[in-house]
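Several structures are given next for inspection.
Here chain A shows up in two complexes: once beside chain B, once beside chain C.
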Partner chain A sequence: MKGYIFQRVVYMVITLLLIASATFFLMKIMPGTPLSNAEKLSAEQEAIILEKYGLNDPVPVQYIKYMGNILTGDLGNSFQFDGREVTTLILDRIGPSAQLGIQAIIFGSVLGILLGIVSAIRYNTIWDYGATLIAVIGKSIPSFVFAALLQYYVGVKLQWFPVAFWEGWEYSVLPTIALAVFVIAISARFTRTEMLEVMNQDFITTARAKGVSGFAVVFKHGIRNALIPLITIMGPLAVGLMTGTLVIEKIFAVPGLGEQFVRSITTNDYPVIMGTTLFFSFFLILIILIVDILYGVIDPRIRLAGGKE
Partner chain B sequence: MKKSKWSLLLTLTLVLSMFLAACSGGGSEGTSGEGGEGGEGEKEGKKDVPQVLNILESAEIPTMDSVMGTDAVAFQVMNEVMEGLYRLGPDNQPVPGIAEDHEVNEDQTVYTFKLRDAKWSNGTPVTAQDFVYSWQKAVNPDTGSQYSFIMGPVKNAEAITAGDMKPEELGVEAVDEKTLKVTLERPTPYFLSLTTFATYLPQNQEYVESQGDQYALEDENLIYNGPFTLNDWKHEEGWVLKKNPDYWDAENVKLETINVKVVKDPATAVNLYETGKIDRAGLSSEFVNKYKDHEDFKSYGEPVLFYFKYNQTRNEALANVDVRKALSMAVNKEDLVNVILNNGSIPAYFSVPQDFVTNPDTGEDFRAGNGDLLKTDKEKAKEHWEKGLEALGKDSVTLEILGGDSETAMKMQDYFKNQLEEALPGLTIDLKNVPFKQRLELDEAMDYDIQFAGWGPDYLDAMTFVDLWVTDGGHNKMGYSNPEYDKLVKQAKNDLADKPVERFEAMQKAEKILLEEDAAIGPLYQRGTSQLWKPYVKNVPIHSFGPDYSYKWAYIEK
Partner chain C sequence: MEKILEVKNLHVSFDTFAGEVQAVRGVDIDLTKGETLAIVGESGSGKSVTSKSIMRLIPNPPGRIKEGEILFEGKDLAKYSERQMQKVRGSEISMIFQDPMTSLNPTMTIGNQIMEGLRIHQKMSKSQATARAIELLKLVGIPNAESRLKQYPHQFSGGMRQRVVIAIALACNPKILIADEPTTALDVTIQAQILDLMRDLQDKTGTAIILITHDLGVVANAAQRVAVMYGGQIVETGTVDEIFYKPKHPYTWGLLASMPKVGDSGSELIAIPGSPPDLSDPPKGCPFAARCPHAMQVCVDHMPEATEVSGTHQAACWLLDERAPKVEKPAEATVGGAR
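Let's turn to the complex of A and B:
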């Protein structure tokens, strides 16, 4: 197991370096400069300012400098926020995004799995159709539509929760629900399908024959097996949600990372693009590793390193 | 536990909604007094009304280092928490700030400012040396300021930024603690308005250096000398402006607190306004119809102009003046502003916006002298078009319009294509919608036929628009060159600098040449803004360059 994890970590570092290089060259292909005032500047004035930031150097020279800095852990300073360190910037913004992401994943998957189980055990009844309908709506309507509806009806009309801003627990309710809708839909659909399959397996019949109660059959024997495929998709989904979602953050005025990432691209803020990309990749790779390890915990049949121990 | 939280929330909501209902019933009908007297404290807000203003900004403050600012949000906050020699007054004219008064020498190249006794928020006095320090910092190429060009009129500024001279050679000198002597490169009639600009704000060298690279990164790494101070600066979330008790004119500042939140979505802003959380909301065009008849609705023009740039170097058709005239006169601009933009914009038949500058003698608007040029006339457009085609010896022409990729920009471009192709037989328009940065690159390389572009002023003088189109000008980038135009602009900059009326007329004449004779650009519209303002917010002047508003004289009256 230890050897396996070490191997994975080495791959992880290599992957990150490859991503950093690819991002660097993609950034250099983007038109424009990080100057926010370029339309007012003449070519000479632009050159003077770019010189200061080392952006007039040949691209290979910039690349070597850049990778050198990244290897020493220095992500540099942002262009759009004069003098602010990229690391602080990301750490500042990740809090709200992560909180929303975690809340949405927990709320969404618990509700979704319950819906899925209900559908599966009340297969082809009104319960099943109702749960499926919810899942289909949740999956096909984009989350920003829900966000706008929630904001208007629950925030403005009913005034149950704040319309926007980020000042406490109650401010996270509406964005969490808006984000969770998709999670509910996707986990309900997966759970239903898997549960139906699992419930028809021989070992369930055996359990029933042994006289295990219906509740225990579903929750002890059924779910455990049905959840494995769900974990595969939930990992990356969690990363996506936790590292920020542009539209939801914009609608509810949440000071998160999602909006930051998109804006760094439109403003050619190279260090922030690189920083957020690496941060995102790191999390994704890490979660995939964790998921792989979790498989073994949930299902002993899947042994990662050939089940030596 | 959970239950109690819920019921508390519900109670709060109920109380709040009752409170709000009561407020909206008692609100007065008055409007915010734009361009009022200001500063005299005409009608003090009633003592029991909390002097708190709640507003939104559309973005985080990118920088609080005054020499680095480039955008509306930074300019706005700097205008509230700092003060330069002069500041923009209620009538958009410079009024004394840190400078009590100034003298100008005979040939208008030396300004001597007398500074008043003003203090930074850490107690140190604001001195002439503070201006010398920040101005030298702004032009120093090592600083990398993107607005250093605004210091251009100050002697040697351009040479210093280009690296040919030392920052110490800048034409600014602290004669003593309270006297600042500024030497200009050439007479600059609008210099006083420049001293209100963010790049011209003072910085205290000792304080700045004590903060090192942390300077201006957080509210506690800054000192203030303006009407307000910056507090609780939570990045991307908001900040609070509190009245600065040490400000020299504090007795005329009535607002105690301005709460600013960052909200980027226009629909969210409207929803917040509806729930009474904020006192002002900008309206994007889709909301204008809904709120047009609302009593809080306000709409005003900004001196920001949009136009077609005709590149005369890539497609020979555009080198023909009749073709350019035809293109300029064929688009119905009334429908453009009323149907597509629908935000208070007005059609433009000019290259210097209206309500921006006035004749120094008669006080008449710049527009009064020249009126509408290149007015839409589809018949005439067609005549010019046919004449143009004949001269080119062609019966059809294909032209590309380069424009932005925002939703509104693309809608407008579709409209242009439709209008032009319909009015001018034989014309085919190809649309090229690209992101802003890419458009700038194509502009720089002059790789376009027609470009849908815009410009906002940098200082309070028609020159900020007129200067764009001189031969090889930084913004020209379309191969336009008319020696007569250049001559008039040069005259206005040099010989006529101390003859304000003749100078003004020279620029009007230049505009006539640019549009009526040459149709070098095709004006489209002057931008407007639509907003909802709570009627109890009084006396917030709206500015035409630099910061959008001033809150120094604002008050709440319920």
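Let's turn to the complex of A and C:
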């Protein structure tokens, strides 16, 4: 197991270096310079600034410098945000995004899995149709529509939760729900499909033939065998949500990472683009590793080589 | 002889989009303490549905027991609630299934799967249940029981898994064990081992066994009595000797004739021509009439009553009527080779 994780970590580092290189060159192909949106500068001033930031060097030289820096953990300074360090920028912004993401994933998947189970064991009844309807609505209506509806009805009309901004836990409730709708829909659909399949398997009949109650059959024998595909999709989904979602952050005025990432792209803020991309990638690869380890925890057949046999 | 199970006039139907499929149409079975009854028949004859109905494991919907009684020690299981049935399943009546590769939960240790029933029915503590599970694994012939207990099904071979399935079924000393094609998915050497094991365990525990199979070889080895099913009905019942040596029903003749014979490697296998009746629109007469070489008009029009051949032997066939022409069992319908 330790050997396996070590091996995976080595691959992670290689993957990250490849992503960094690819992003670097792609970014250089993008039109414009970091200065194109700035106040009018004379050609001379521009030249000085470009020189100062090393942007006049040939691209391969810039590349080698940059890669050298990230290997020492230095992601550089932002061009736009008062020259602050990219690392601090990300760390400042990740908090709200991650909190929203984690809350949405937990709330969404618990509710979604329950909904999926209900529709699987009450297959082709009004319960099933109801749950499927919720899932279809959740999946087909975009989250910003829900966000707006929540803001208007729950925030403005009922005044249960604040409409926007980020000043305490209650401010996270509406954006969490808006994000969770999609998670509910996806996990309900997957759980339903998987549970329907699992509940028709022979070992479920064996369990029932042992005299196990219907509830225990579902929760002890069913769910665990239905979880694998669910975890496969939930991992990357979790990364997407935790690293910030532009639309929801914008609507609820949450100072998160997603909003900032988009701004850095439109302003050619190279170090921030690179830093955030690397951060996203790192997170995604990490989650994939965790998901792979979870597979083994859930299903002993996938338990990794080197474990105790 | 004390009857432990009496199934009377059992009708089981499945409601499908194409209409009602009458999978079991008036089956009578009785089972005496400690005996082995084999139910034989081809795929779709209703043997599995009958056995699952006894356990009330037919998924409802679409399946339902339309009519009939399932008397277990005099109590009608057909009228039991799901909760009452849960107390019977696994403790009074157990079941083992065809495919040991799929009938064990892949994410649960063997030990936990054996102990589950013990903890539910006998309210055993964890350590008591562990001790009993080890004892059971030894009983079904699995070496290193203590360490095997912590393993998962994928670490067992097919034959070993079937032993585990048997251990699970026998955990609470059930009075009836229903074995639904327990050896079909195993290779031949393992089949013999599993059948020996079942017979051995029956001697030790006195459990009555209902053995569902389509393999007459298995029947000869393991059962005392046989019920031949066709088209959702039992067409002939009798002792193993009666069915093998003095069969009366043309379908049983066909079954026996289609068995490969030892030392007869040159000849072709004999098949019964035609296919089983469509049970969503069952024939009003004998279900076998369409394939029967001796069918008469009456066979198509009226279902024959079960006729007593001897005290233990019954067959439902118009040929046994005194007005019917005399038809002798064809020469191929014999038990092949050494028995």
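Keep this in mind: the second predicted complex is superposed on the first by the 297 of 309 C-alpha atoms of A that agree within 3 Å, B and C clash if a C-alpha of one lies under 4 Å from a C-alpha of the other, contacts with A are read in each partner's own complex, and residues count from 1 in each chain.
Heads up, the rule we're going with is that a residue touches a chain if its C-beta (ideal position, glycine included) is under 8 Å from a C-beta of that chain, and two chains touch if they have at least 3 such contacts.
These figures come from a predicted structure and were not determined experimentally.
By the document's definition of touching, of the two partners only chain B reaches A:F252; chain C does not. Contact with chain B, but none with chain C, is seen for A:Q151 once the two complexes are overlaid on the shared chain.
In the superposition on chain A, A:D82 makes contact with chain B only, not with chain C. Partner contacting the larger number of chain A residues, of chain B and chain C: B.
Touch criterion not met for A:M234: it reaches neither chain B nor chain C. After overlaying the two complexes on the shared chain, residue contacts for A:L35 are found with chain B alone; chain C is out of touch. By the touch criterion defined above, A:S213 reaches chain C but does not reach chain B. In the superposition on chain A, A:N225 contacts chain C only, with no contact to chain B.
Interface residues of chain C facing chain A in the complex, by the touch rule stated above, are 55, 57, 82-83, 86-91, 94-95, 97-99, 102-108, 116-117, 120-121, 152, 154, 165, 168-169. Contact residues of chain B toward chain A in the complex are 9-10, 13, 16-17, 60, 62-63, 65, 68, 70-71, 141-149, 161-163, 213, 215-217, 234-238, 261-265, 267-268, 271-272, 274-275, 277, 434-438, 440-441, 444, 458, 474-475. Within the complex formed with chain C, the chain A residues making contact are 201-203, 205-214, 220-221, 224-225, 298-301.
Residues 30-33, 35-45, 48-49, 51-53, 80-84, 89, 92-93, 148, 151-152, 155-156, 159-160, 163-166, 170, 250-253, 255-256, 259-260, 266, 268 of chain A are the ones touching chain B in the complex.
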